[in-house]
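Got a structure for you, questions after.
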């Protein structure tokens, strides 16, 4: 896997998350694609050893940004990286925003909000009407909703917006012609169940990744036709009906 | 082993070496004692896993400094450490400067120059006359000799001072009542052979260390009475006659 | 491959079982997808795709991988489309260097059937027997569990593969005994070692996370020891595998006795090309050729 | 030990072979010098100094250690002053918690003689048999090389040690079989695992640097697997050892089936007290006692 050192342009807190941006002058990023990122090492850091997958939060052709939650060692170190990090990107298949129904619903669960920014921008550019629904564990994270004007919010503890999960913030998911969702796998399975039968429902799954380039077979999801497919190559975005969830 | 985070006060190049200083308000450092140092990690860095031993270059009761050569991963990372490092100190038995003969000769081979600064200061404070002899592989490193006014230099390539090893810079080692030496073990063995029979000859040995507190038995040197002793506890400074070299 | 660096020519070529490898690097089986082949152009002296089995295998349910200190544990479960589909897709790996195929069966007969099926394929230069899979005839112990079982499967495969070299891929446990058995049974080479049995636990969830094999730099000193001991016990060439992460690691494995060196887990985080460049730099600095390095400990 | 954190009481105590340990932590043999005892006051539920042998042993010449990815390889060679001097110096380790002694012999008779020599010493609560040392009667293979040899030495020691618990310390290789053999021969506990055979090479010098045993976080997933498998195969308590570096690691080993957990290499780079605090924090967060954690995988 080839990694490129990139200089951090900006780092700021957004809700309970970190927004980190760096120069990435490559026009080809699609919403839902991801990067493998890690701190820069000597000559490769062993701690942690593997890189971590992150969705593109946004990309304007010049600057890319990631939005992440500090969970463990990998994200803690990225959060503190002094000047540069190393990334491999763009990876995977993102959302198909070509020939889908309207209006569209964008659902983000927790840090699953990340790819919705670039997705929303692309939909807007194509004049696709869409509503954004975001679910968070606590109000602290919900602050990121300010970046999504007009979005509806749910928090599990009810401290902000509707009490409940992101699905509780969407009264009528089945009236949307297209559903785009990103979040923990159990949330995605719930979205799949609730989405309208005729809507085009696309889910960005979250599996542990070893390589990000299809080599390790570590990141698989079960599919309808039996067996497993790699979420880093065939995904991370899948049509809901493809998944055996 | 207990490590203390310390803030780097200054870092500068000195010859081919790095001089790094940090606050260490502890009055008890003796010349020849050492620290185990590593970069600060999360919550402990695995890369490299072990800390590295360094002599105190100097210590004025408030600020300690280390002089080191970038050799591998450990020193490369210390060299780049952003703000703080972690140290365990003071460790080991240093030079005995109590009841020794005069004049004294201080011999440093390469980065073995490190403990001679604090040693020279302590000897001066006790009015012990001493000459300093330094040997380096190349002129680039010899620049550190400027920190030792009056010192005599040898370089292996002859580009600075006498051509040869540090011993070639000392015409008459056997006339010194006390000899203090630090450098690669083969140099120390040579000093032992050449030093006058009646002089008190003390050698600061260099062995790989695992723990620095006597626990691993990794850092041993062979002794006259048979067997091995730990250089981190019984040393790193030994009377030459004790060593079975 | 002769890499021109500064003014010194560096000779990276090695000979393995009569095959000319332009570099001693080979991808470790199961760690290089066809989608990633573009990244490794020119790096590998031989190719080696993921192990194939007689029938398609879905593999294990996720989670399949977990990171550990300087390594990872995987339990992929030999996911693969089965040998027939595998052979249909094989052209991607036929990139102009010798092509080894890794095979695994649940029984000795399956190993033999696989060897028969592929040995006449002209694209294929050699076979690696993945002996660390469970032997269903012996209560699920792996084929590597003891020398008798290693000898049986190697001899049976040897009987049907006459023209192509066979390498027996061994686990760390029992490596020396099993190496002797494999050599006696006619193996032309040995791959040493496969992943080391390991386990990760999610303490908060109080669950086993992944029970599988440890790979990556963590196991390098274990693999290096196995290569060293095995190379002293047998006369056939060794393909070193386990934790190789740098050009210096490649040199260490060759000094320990390996003729070729496999790059596995590290390829997920470093470009194999960088490892080859580092290795070429090592040869340039020491003035030795790759072939001269093999077993050249002083 | 009951550590009061915030308002929750955390119960760290475990029972091991009838002994009460106020914490489940024990220093791994050979990794805690008497000079460092001051740093670990109150941390350990039992003490365990470096292995002693019938006669003084000088140990191996340096270099004895080399760092590896997330670990180290050592070949100390059981340097120790011999059992007589060892017993004279032992008071330093008699700090008010149960005191285990690790013994190693070159022959079964030496093991027995050591056990006899120390079993009447009132300071000593239990014995750990270091079975990974070379068995001179069996051509230098270790006592752990096979279940027959494990059984022989454990049974012989058991015959002379009637009042005190014996733990057999096993290597990773063959751990399950050897565990069954040790249990059958009367071991009261098992220590799982010792270091893993490994090698480091200095490529520039083209020399073997250290041929010895790998320890540290690198081997944690290997040790965890061994503890897990052994705990499913036997009924005696297990002392987990191998790569423990944090309070969460302690929890993982106990969940895998360990009753007590040894801290070795990591104590060179972290204060064991920190590990205990992290472990207490884990218990507080989960609302469990240390004893409840043992084998409590869901």
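Per-chain residue numbering starts at 1, and chain names A, B, C and D are given in the order in which the chains are listed.
Assume a residue touches a chain if its C-beta (ideal position, glycine included) is under 8 Å from a C-beta of that chain, and two chains touch if they have at least 3 such contacts.
These figures come from a predicted structure and were not determined experimentally.
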item	value
Required minimum of steps from chain C to chain D, each step between chains that touch	1
Intersection of contact partners for chain A and chain D	B, C
Chain pair, B-D or B-C, that carries the greater number of C-beta contacts	B-D
Longest centre-to-centre distance from chain C, chain (CA-based)	B
Averaged-CA centre spacing for the pair chain C and chain A, given as whole angstrom	35
Centre distance in Å when chain B and chain C are each reduced to the mean of their C-alpha atoms	45
Chain centre separation in whole Å, for chain B relative to chain A (CA means)	53
Touching two or more other chains - residues of chain A	46-47
Chain C residues counted as touching two or more neighbouring chains	69-71, 216-217, 245
Chain contact topology (line, ring, star, complete or other)	complete
Partner chain C, residues of chain D touching it in the complex	68-71, 73, 173-174, 196-201, 203-208, 211, 214, 216-222, 224-225, 228, 243, 245, 248, 251-252, 255-256, 282, 285-286, 296-298
Chain A-facing residues of chain C, complex	30-36, 39, 50, 56, 58-59, 61-67, 69-72, 74, 76, 79, 216-217, 245-246, 265-271, 274
Chain C - residues contacting chain B, complex	69-70
Contact set on chain A toward chain B in their complex	41-42, 45-47, 73, 76-77, 82
Chain B - residues contacting chain D, complex	1-3, 38, 43-44, 46-51, 207-222, 226-228, 233
